[in-house]
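In what follows, chain A forms one complex with chain B and a second complex with chain C.
Showing the complex of A and B:
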C-alpha cells in the first residue's frame, strides 16, 4: 500500500496534480460504487455514485457514514437528494471537520410508500475520509450563507479581500519584530546593547524606523527605468506574501490548503528573484546590476536542491498539501520528518542551506554584500521603496521558519494529543498555533545566529556548493527515500526513527550543550567587569 | 591624481568604479576595476583623495609643534608615527633621550600596534561578511584606548611622544592595570582565533588567495607584516634596532603557509595574530623594566635649531615607517618626508588583482591592511 502510494505520488507530483490518490476498488457487486470527494470540506457536495440504478428519485434521502467518529460520536448523517438513479448528492455541513477515519458509505431512502431502503458500498473497501480545515473557501461559503441577498461572486470576492487584509496586515509587524529581535540578538553576541530607546526595552524601534522611512524622499535615479524601478519591490513582496496562503499555522489557521501546496510554495518564492533582478537592472547602476545578477544565479540554482529536498517529503507523504504533510508526521519529535529516515534528515539540512541561500542570508548574502557591492541590488533605492526589500528579507525569515516547521518539524501538532482531540476545542487550536510559533521562532533564531557568526561565501564557492554537493545529494535523498518507502519494513522504519532521534536529536543536542558549557567555562574569566574592576581598566 | 587610461577591451568588460566612497576601501581610496562578470581583469588603485600636505606643514611649524600632525600621518597607529618623527629629530639634533622615556615609547608603541592590528583583523573579517569578530575585537581596542587615554588624555591622535622624551610619566596604578589587561588579552587572542581563524569559510576565502612570493614582496617594497607573511624574516625592531628594543626579548613571526601557500592572504592574517602575542610580551617586559628607571622622562632643549639631515625608521603597525628630515638651522624643518607601509602595499594590488574575483579584491585590500591617510599624508 505504502509502495503504491509512493509510486502514485511521484506520478502525481510529476503531473503537478493533486495529492489525492485514486485507489482502484476491487471488483464488487455492492450497489454504491463511489463517493467523492473524501476530503471533508464544509459546504462541499459529496457525490455518491450507484451501480445499476439503485436510487429512487424524489424519496427523502440521507447519506450515512457509520465509520466516522466525531467529537460527539459517530455516525455522521448528511442531508442528501437523489438526482438520478445512479447519483445522490449530499452536503457536508460546517461541523464535518471534526470527523475523520474510514467508513463505508450508506444511502438511506424513505420511499413514498413508507418503506425504507438502505444501500451500502463494499464493506471490504471503506473510503478513507480525511479532514479539511476551515480555510478561505469555508469562509466564503459561510459568508454566502450569512448574506443570501447579495450575489455569490461579490460575497466571495469580499471574503477574499478580507482574508488578504487579515493575512497581510501583520506581515510588516512580523518583519519589524524580527528585525528588532535580530538586532537584540546580534547586540548580545557582540557585547553591545542594541535597540533600547523606543518603546519598552526598544521593542518598538521598528516602528520608528518604518515611520522614518515612510517620511523620506522617494528618490528615483534619473537614468533608471522608472516604471520597473517602482514596480520591482512590489514584485518581490508579492512573491513572499503569496507563500502565506499555504502555510498551515494551525489545524484551521490556513488560508487555503491547496492540493498543490508544496509546488505552489516553491513556485511563488521564485517571484522574489524577479523582483530582485528587475530592481537591480532598473536601477541602472553597476553595483545594483551585479547584485541582481548574483541574486538571480543564486536563487535559481538553490531552488533545485530546495525543491528536491521537499520532494522527499512528498514522496513519503503521498500528498503535496501542506496540511497532509503535517498530518503525516506525528506530534512526537521522532515522528517528525526531520528524524523519519536518514534521507529526510539530510534533506532537511539541504533544504535549510538552500533556504538560507534563497533568502539571501549569511553566508549567502552575496546579492547585498555591503562590503563588496555597497548594498547590492537595492543600492539606489530610498525611502519606503527601499524598506520593502529588507521587509521581504525579514518576512522571509518567518517563512523559512514556518516551512521548516510545517514540513520537517511536525507543524502544529501538540505532543500526546491526536488531531481528533485537537478538533474538539479552539483552545487546542490556539495551543497548536503556539507550538508552531515556538518551532518557527527556534528556526528564525538559528538563522539569525548563523548570520552573525559566519563570513560570506564567494560567488564561485556558493555555486559549487550548490551544483557539486547540494544538487546530487538532494537527488540521492529523493531516490533514497523512495527506496526506503518501498523496501524498509515498518518495524525497521519505526526503530530507525527512534534511533535517529536518539542519535542526532538527543546525542547532537547533548554534545552541543556540553561544548557550550566547556566554552563558557574556558572563557569565564573574560567577564571583564569583575576582572578589570568596574568595566574599565 | 594620476591619469587612468582604461582599455575598454572587447565588449564583455564592465568598468566599475570602486570608491572613493565605498564601504570597504578602508578610507578614501578609489579603485578602477575592469571586470568580466565577477572576474576581475585588473584593479587599478587611484590614490590621492586624502592628501593633506602634512609634509609641507612640517616646514611651516617648529619641530615640537609638528608632533600633533604626525598623529594624522596614520591615525590608526599614531604612536609609531610620533616615534618616527621624534627619532628623526633627535638624530638630527643629537639629543639624548631619558631611559624611562624609551621604555614608555616602547610600551605605547606596542599597545598601539595591538589596537591597530585589532582594526586590521576585525575589518578583514568584516570585509568577508562576518561582523561579530570586528565588534568583539573592537571591545579590546576600546580597553587599549582607555589605557592610553589615561596616560596622555587622547584616544586616537595621541601626541604623546616628544622630541627628547615623552609628554607624561606613568599615572599611579597604570602599570598594574596594563598588566591585568595583558592577562586578560592573551586568552582573548585564542578566543578570536577560535572564532574565525579556522572557520572553513574564512580559510576558503583567504588561503591560496593573492599569494605574494618573497621575491615579489621585496620587489614591490612591501614592509612589515605583509613582508613577513611572504616568508621574509625582517623586522626593523630586531634588524635595525632603535630605542630599547635590543634589551627586550621577542620573536618575529613570519608566514608559514599553514592553510595554503606561504604569502597568501591567510598568512597575512596569521602573522598579525602572532604579532599580538609578541606585542603583549614586549609590553610586559617593558613594564617590568620601566619600574627601575630614574624618574626623568623628558629632556627637550630650550632651543632646538639643528642643521643637517637625518633618517630614522621605526616598525609601525603597517611596517617600516621612515622619516627623513633636513634642518637648516632654523626653528622649522627645511624638508620632511615620511615613507609609509600602506603606500608601498598599494602598488602590488594592481598586479595581484588580475584574475581574482570582485569579492577577493576586498579581501586583498583588507589583508594588506591599507589605511587611506597613511597612503596620501
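Showing the complex of A and C:
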C-alpha cells in the first residue's frame, strides 16, 4: 500500500495517549498549510500512519482528523487497523478535503469488550501535506498559490480558460491531420497516392480545405428553423469536446480526473446525438431529417452495449475514474483489460463496434450515407457550420482511440516502468504521453482501415447487430466478469491472462499476418505504370 | 450455401471481416499504381508511350519536297501548304497543320513519299509523321495551328538524290523535337496574330449605322429585298433577317415564332432582335415596309428612321430589353467533403 502512496501523511506520535504528535514530512516536499481544497487522485492514497500507542490489535480502529473537513463538511474519519502495538495505518483514496487549521489526529479503537479507547495527538504540532500536480484542474489551485496577490476566483477562472484553450485549440488541427491521414490511408488501400500537393507530401491539405470551407457562403435555407440550425453544430461539437475532460493522456495530463469519469464519458457523448438530430430536423429537408432520425435510432441503440461493455471494466476495477482504470491495468499487454479475462476481450470488441456506430463511422455511416441521403443530417449546411460536423466526426476518431487506449489498452503505462518511477520526472510523463498517443494512433488506423474495408450496413442489419448480438453479449460480459472477479483465484487469473494474450494476441496476430502475406502475394504480379515510376511521393 | 445459425454467423462475421482487413492491409503495403502526372513521373510520359502512338504531327522541312501529297490527301483539310515561285525558284511560304481539326487518321503519313532516318528510331520514318507529343490542352484555340514556316519566311523544297546515290536514307531530327519547338512557338506567336486577324475581320464587317444606313447600301438592300418579297411575305424571310440564336430576348421562345409574329402583325415591335443589332432591325423594317406596299425608296427612309430611333451609332440597341429571368435558384448547400 505504501508503494502507491504518493500522498502520504505520516504521523509519528511519541506518546499517543494525549501526548505529543509530530508530523513527519517527506524531506523533498514543501509543506502546504492552508485552507484550500485538496483532492486525491488516481493511484494515490492518503496514508496516515500513527506511531505511539499502545494500540490493540484486532480492534475496530479509525483515525479521525478533525482538522480535515471532508466532502460533506464533517471531520474526515478513516477506517484504520493496528499493524503493531505502536502503529496504526489508515488508508484512503478518492477524497476532497479541506484543511481547517487544526492538526489534531485522533485514533479511536473499539475494544472487543465494548469499551472505546481514544488517543489524541498534540494540537500544536504543525500538520502538513504536500500537493503535487495530479491533473490540469489542480493547476488552478497551484496557480492560486503562486499568485497570492490576485483574487483566487480570478486566477482560477483564468487558469481554467487557459486549460480550455490548450485542450480545444489543437482539436481542429487534430481533426485536419486525421482527415489527411485517412485520405492517405484510403489512397494506399486503393493503390492511389492521395493528397500530395499542399505542403510537404500533402500534409497541409487539411489547411487548404479548412480555409476553403471558411471562405464559403454561409447558407441557411429559407424554410429552416434558423436558430436551431445555427445552434446544432455547436451542440454536437460540445458533446465531443467535453469528453476531453476525462481522457487521461498521461499520469498528470488530464483536465479533471472525475470520480464519475466513465459515467461522464458515456453521458456527454449522448449530447452529440442531440446536435445531429437537431441539425437534421432544423434543416427542414427530407434528407437531413432522415439522416437525423437514423442517427438518433442508431446512436441511442448502441449506447446501451457501449455502456455495458465499459461496465465490465468498472466491475473489475471498482472505480469509475479513468485514472483508476488505467492504474488497475499493467504496462504489459497481458495486464491490459483487453486480455484480462475472456469477457473483457469480448467487451472490447462490443465497445469498439458500438463506438464505430456512435461515431457514424463506416460500416455504420447510415446517417450520412452519401449514396442515399446526399450528406445526411448535414446536407443543408455550408461553410463553417458544415465544417463543424466533419470536425466532430474526425476528432471522434481520436476520442474513440483515447477511450480505447485508456480503458482497454493500458493507457499511458510504459512497459518496465512503475507509476512511482514515472512520478520522479516529467520526462517519464512525456514518454507516457507518447505511449498513449501511439496506442491512440493505432486505434485510429484500425477505424480508418475498417472504413475502407467494409461496406455500409442496411438499417435492419445495423439494428439486428445491436439488439440481437451486441446487447445480450455485453450483458453476458458484465455477468461473466462479475463471476470471474468473484470466483476465479488469482493464480488462475494470472495464467488466464497470459494464455489469452498468447492465444488471441500472438496466435491471432500471426494468423492474420500470414493472411496479409498471402493476399499480398496473390497480386504481386500485377504491376502497372512501372515505367513512369509509380510510387509513393 | 447453408445459412449460418446464431453463433455460426458470429464466427462467420469475425472470419470474413478479418479476411477483408487482411486484403486491404495487403493492398496498403503495395506501391500505388497511379502516377503523379504531369510533373512527378520518373520519365516524361511521352517516353512511356508506344512507338506508334499518334500524337502531334510534325514535318521535317529539311527533307520536304513540297509535293503537297499530304495536303491533297487530308480528308478534312487540316494541312495548308503554299508554294510560290520566286527569283530563287519554288519555295514553300506556308506549311500549317491545324491540330485542332486533325483526327489523327494518318493518311498524310501514308501518302508522304519521302522516307527519312530519324534520330533514335529503328524504323524509317516519313517527312510528315506522328510524334509521341500529346499535351495539347490550351485556352486559346489558335495555339493549335502549328506553323512550320513562320509568316514572311520561306523554305526551299528538298531535292532527293538520284536512286543510285541513295544508299542511305536522309537523316532527320529525333521525332518530337520539331513538334515541341513549333508548339512552343505557336503558343507565343499565334494568339496575337489571331487577335489581329480577328480585329481586321470585324473591321471589314463594319455594322455601324453610318455604314448600314449609307444611302447606296440601304437602297441596294431595299431593292434586293423588294425583289424577294414580290407581294408575298413569308415569315422565313423575316427569320433570315433575325440573328437566329433563339435567345428569347424578344420575348418569343424562338426566332421562328418572332418571325411569324412579325409576319402576321401580332408583334409590331420589329426592333427587338438584340443579337441581330441594327442590321436585323433595318432588314426587318425594310421587309415590313415593302409588305405594306411601300416603294423601296420609301421603305429605306422609314427603316433608317426606325434604326436610328432604336440603335446607337455603333449599331448596338439603345434599350436593353429585359432578358428572361434565369431559372430560379434554390438555396441549398454545395455538398462538399467526404
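Criterion: the second predicted complex is superposed on the first by the 395 of 537 C-alpha atoms of A that agree within 3 Å, B and C clash if a C-alpha of one lies under 4 Å from a C-alpha of the other, contacts with A are read in each partner's own complex, and residues count from 1 in each chain.
One rule holds in what follows: a residue touches a chain if its C-beta (ideal position, glycine included) is under 8 Å from a C-beta of that chain, and two chains touch if they have at least 3 such contacts.
Since the structure is predicted, the reported quantities are computational estimates derived from the model, not experimental observations.
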Query raised in the report: Clash or fit: how do chain B and chain C relate after the overlay on chain A?
Result: fit
Query raised in the report: A:479 contacts which: chain B (first), chain C (second), both, neither?
Result: neither
Query raised in the report: After superposition on the shared chain, which partner residues are touched by A:452: those of chain B (first), chain C (second), both, or neither?
Result: both
Report task. Kindly classify A:515 by the partners it touches after superposition: chain B alone (first), chain C alone (second), both, or neither? Result -> second
Query raised in the report: Looking at the overlay, what does A:209 touch: chain B (first), chain C (second), both, or neither?
Result: second
Report task. Could you tell me if A:492 is touching chain B, chain C, both of them or neither one (first, second, both, neither)? Result -> neither
Query raised in the report: Looking at the overlay, what does A:382 touch: chain B (first), chain C (second), both, or neither?
Result: second
Requested in this report: With the two complexes superposed on chain A, say which partner A:222 touches: chain B (first), chain C (second), both, or neither.
Outcome: second
Query raised in the report: Angle chain B-chain A-chain C between C-alpha centres, in steps of 10 degrees?
Result: 30
Query raised in the report: chain B or chain C: which reaches more residues on chain A?
Result: C
Report task. Would you sort A:461 into first (chain B), second (chain C), both or neither based on which partner it touches? Result -> first
Report task. Would you check which partner chain A:189 touches, where first means chain B only, second means chain C only, and both and neither mean what they say? Result -> both
Query - CA minimum distance (chain B, chain C), superposed complexes, angstrom - result: 6
Query raised in the report: In the superposed view, which residues of chain A touch chain B and also chain C?
Result: 189-192, 370, 374, 452-454, 522-523, 528, 531-533, 536-537
Report summary line: In the complex, chain A touches chain C at residues 185, 187-193, 196, 209, 213, 216, 219-222, 370, 374-375, 378-382, 386, 390, 449-450, 452-454, 468-469, 512, 515-520, 522-523, 527-529, 531-537
Report task. Within their complex, state which residues of chain B touch chain A. Result -> 14, 16-17, 22-24, 37-38, 125-132, 135-136, 139, 143, 146-147, 177-178, 180-181, 184, 187-188, 191, 196, 199, 201-202, 204-205, 357-360, 362
**Report entry** Contact set on chain A toward chain B in their complex
**Finding:** 186, 189-192, 286-287, 290, 293-294, 362-363, 365-366, 369-374, 452-461, 522-523, 525-526, 528, 531-533, 536-537
Report summary line: Per the touch rule above, chain C residues touching chain A in the complex are 6, 10, 17-37, 40-43, 45, 47-48, 331-338
